[in-house]
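So, here's a batch of structures to check.
In the two complexes that follow, chain A is the common piece, with chain B as its partner first and chain C second.
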Partner chain A sequence: MQLLLNAIASAAILAPAAIGFTLIFTLFRYTNFAVGALMTTGAFAAWGMNELGLPIWMGGVFAVVFGAGLLLASDRIVFEPLRGRSGGTLLLVSIALSVIIDNVIRFAFGTQIRAFDLPLRPPLTFAGLRFTPETLWVIGISILATLAVGALLAFTRLGRALRAVADNASLASIRGLPVPRIEAAGILLAGALFGLSGTLAGLDLAIEPNLSLALAIPVIAAAIVGGLGSPLGAALGAVIIGLAEELTVAFISAPYKGAVGFVVIALVLLIRPQGLLGRPVERK
Partner chain B sequence: MTQLILEHLSAGYGGADIVHDVSLQVGSGEIVTLVGPNGAGKSTLLKSLAGVARVTAGSLSIDGTDLVALSPFERATRGVAFMPQDRNVFRTLTVTENLETSAWGHDDIAARKDEVIGLLPTLANYLNKAAGGLSGGQRQMAALGMTLMSRPSILLVDEPTAGLSPNLVGEMLDVLQQLTRDSGIGILIVEQNARAALARADRAVVLVDGRLRRAGPAAELAAEPDFGALFFGDHA
Partner chain C sequence: MDAYLVAILTTAAVYVILALALNIQFGLTGLMNFGVVGFYGVGAYTSGIMTETLGQPILLGMLAAIVVGGLAGGLVSLLSIRLSGDFLAIVTLGFAETMRLAFNNEDWLTRGPRGFLIMTRPVIDGLGRGATAWFILGVFVLAAIIVFVVLNRLAGSPFGRVLRAIREDDLVPATLGKNVLAYRLQAFVLGSAAMALAGSLYAHYVQTITPDNFTTQVAVLVWMSLIVGGAGNMKGAVVGALVVTAIYEGTRFLAPLMEFLTPTQVSALRFIIIGTLLIVVVRYRPEGLLPERIAPRSRPDPVPAAG
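And then the complex of A and B:
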């Protein structure tokens, strides 16, 4: 049970970012490897506000807004001029963007390990399970965010429009939908989710520039396992990746945790390329 | 009365023109059928009117408003609705969601949806079905419903009966004819089932090699002895 709780806590960090990642993939059909760097930026943004004396929740709100703005800016500067290029080209560009963001963070904050200003207190115990209050916050906020995004996509006019544009942007334009505005809304939503995931990661992990790669692989793996294009699948994929990571730590060795994402991606691509809840998508 | 007017219009993709120097008009409440052999540029002409293909010369206007520089989105908001031949529904959305999404920016979506279901009653049978799982006939009817959600004044329809069984061909064309009568919409239609389309059209235009070869009342054109030769491209 402890292992399951730990897995859910890991999944809670990954899930919002995996949903944001799959949203960007369905809208533009490319793998944004910079997801880890964008999450790390979110963690630093929240930590920076916390350092200035603001409570962590306000830091988190700032990270969400900052993440949304940063992703939109990076899209306008980097990705928009390259629309229509192959997915491979855009993947390489996103790797370059990731390196640039990591180094900007190093330049601005150094390579020291940072942490939120949290009160020192012993872990809570319940039914034999040990956990911190922060773990409960991380799980609760992540579940709320996942449900909120699911509800937005399923029940709101913007959500339907996002799904329509992701399905067929050309038809959406013919049908009178303002496609660039809807795409911008999708980018803002994904960026906000990256900022949120970054803040949640900061509550559980050390905040440092090297976090990028450690976060990017499991987030991308979660999105692929769940099925690219499926937000619910991305959340489910996050749980599976979290569980696989915790099983690796418990039964193999902690240093191998970082390889879990790669192994799971390879297995999914071999067995069920469209992921658990995904369906084959067309190139744009 | 709405008028879509093309004057000496040329259009194509990239640097190549496929349609050359075409002039025609489509008014409220009439069906104009565009016929011609495969590769004549019929679909390209429709796409250029919708803003999907590029107009390279000539003018295009609706009620005096120049459309050439406008995007597909802007043309749609000015009353020009285009129903593509394929990939014309959002497959991951239900039929209801497809209809509602097609009335973006309007506050009376429920009223519009009721209106469209009134015009196309068969839609009511599969409103909650994902569009990706519809049969050919259901999909074309859903696509037509989506175009009507914007209450267009001019409807551009590209091969609405493609892939339909023979009994559904007549049904779809009858629905379009009924729309012009009930709603006063003007329709420019490209249709491979030329005889069936001409039987329901007011006027017809024959396009061959991207150029307008013949135009006139549909019944007269269909009765011309060389109509078959024109339609199949043997126009030498």
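And then the complex of A and C:
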């Protein structure tokens, strides 16, 4: 049970970012590796506000806004001029972007490990489970955010428009949808989710500039496991990755937690390339 | 200054081999290997373990590095070779990160973060300090030339043509009866083995390797070399590696001009510059400094797959 709780806590950190990642993938068909760097930025943004004396939740709101803005800016400067290039090229560019963002953070904040200004409290126990109040917050906020985004995509006009553009942008455009504006909305939403995940990661883990790779791989793994393109799948994928990570920590070796994402990606791609909830993608 | 130049050129030779190796995988065949450092690190540690832990001569260390690197490449590609570009890229990245974790945690084998000391060097005994450095440079340049000649011949051979065809559209060679998977596997194994050789050379040159030597940033430098030089062109890969080393090492000289920055900041600034340049090159000159040249008429579209 304790293991399950830990797994859900890990999943709660990954889920919003995995949904954001999936959103970008369905809209533009490329793997944005900068997701880890953007999450790290979110963690630093929230931490910075916290350092200035604001409460953590305000730091989180700032991180969400900052993440949205940063992703939109990076899209306008870096990715938009490259639309239509191959997925591999865009992935390469996003890795370069990731290195740039990491090093900007390193430049500005150094390599020290930071943490939010949290009061030290003994962990709570309930039904034999040990957890901190922060863990509860992380899980609660993540579930709320996931449900909200799911509802947005499923029930609102914007959600319908986003799905239409992702499905077939030119058709959506013919039907009179303002495609560039909808794409921008999608980017803002994804960036906000990255910022949120970053804040949650900061609550749970240490905040340092070397976090990016450790964050990016499980997030991308969660999205792939869930079947790229399915937000619900991405959330489910996050739970599976979280569970696999905790099982690794419990039964194999804690340091190899970082390899879990990779192994799971490899397995899924071998056995069920379309992911759990995805449909097979036609070749070319 | 002289010693510094020799050191830079020695490092450059290692990057030339890495860029050539990536060129056969990505440049010719279109396989996106972002796990360059994984194979590079495997080669470095294999060679170190062979010469130090097992006490074998250095040539055997290099050979072991090539074999183990090739095997690792074979395994990774068997896992993922059927995948299209992006997914292969992610699997290889994950492989590199997993290897780094292994280097860090398998203390009994790699001595973990404290670093693996390697006493064996590719020199003959009894040379002075300066002469030793020059000798090592000579060995490295020779190795780079051998790798260049072999891969360049391969690139121009029928084998290389099939690889290019696979890169452009794997249905066509498949229709002509070529076993596309086998060709991809061979290209990947060849490249990985060459990366491992580069790792072996590097390990015996720097003599202390730590897991931190094998981070994604190194892979970015190698990719930068290939993209700047011109993917698909072996000469381009060499030129690219030299240019990138010049930029990377050249920015070191900026440090005294900016004394108000800490060493961490200077190092960060170098990677900001390298990353930005990579994006700029991809956007404005995707074919690189020396674009791939193939007999005219055969390709109406001069933009290589990198574009």
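Note that in this section the second predicted complex is superposed on the first by the 280 of 284 C-alpha atoms of A that agree within 3 Å, B and C clash if a C-alpha of one lies under 4 Å from a C-alpha of the other, contacts with A are read in each partner's own complex, and residues count from 1 in each chain.
Note that contacts are C-beta pairs under 8 Å (C-beta built on N, C-alpha and C of every residue); 3 or more make two chains touch, one makes a residue touch a chain.
Note that the structure is a prediction, hence the values are computed from the model and not measured.
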Checklist entry - Taking the superposition as given, does A:14 touch the first partner, chain B, the second, chain C, both, or neither? => result neither
Next on the checklist: So in the superposed three-chain picture, is A:192 touching just chain B, just chain C, both, or none of them (first/second/both/neither)?
Outcome noted: neither
Checklist entry - Of the partners chain B and chain C, which touch A:64 in the superposed model: first, second, both, neither? => result neither
Checklist entry - What is the contact status of A:235 with respect to chain B (first) and chain C (second): first, second, both, or neither? => result neither
Checklist entry - With the two structures laid over each other on chain A, which partner does A:176 touch: chain B (first), chain C (second), both, or neither? => result first
Next on the checklist: Which partner chains sit in contact with A:211 here, chain B, chain C, both or neither? Use first/second/both/neither.
Outcome noted: neither
Checklist entry - So, A:49: does it touch chain B (first), chain C (second), both, or neither? => result neither
Checklist entry - Is A:168 in contact with chain B, with chain C, with both, or with neither (first, second, both, neither)? => result first
Checklist outcome for this item: Max touched-residue count on chain A (chain B vs chain C) belongs to chain C
Item to check | Interface residues, chain C side, partner chain A - complex | outcome: 30, 32, 34, 79-80, 83-87, 89-91, 93-95, 97-98, 101, 104-105, 216-217, 220, 223-224, 227, 262, 264-265, 267-269, 271-272, 274-276, 278-279, 282-283, 286, 305-307
Checklist outcome for this item: Listed in rising order, the residues of chain A that touch chain C in the complex are 30-31, 33, 78, 81-82, 85-89, 91-93, 95-97, 99-100, 102-104, 106-107, 110-111, 213, 217, 220-221, 224, 253, 255-256, 258-259, 261-263, 265-266, 269-270, 273
Item to check | Parts of chain B lying in touch with chain A, wherever the complex brings them together | outcome: 50-52, 71-73, 76-77, 82, 84, 87-93, 97-98, 100-102, 104-105, 146-147, 149-150
Next on the checklist: Considering only the defined contacts, which chain A positions touch chain B in the complex?
Outcome noted: 157, 160-161, 163-164, 166-168, 170-179
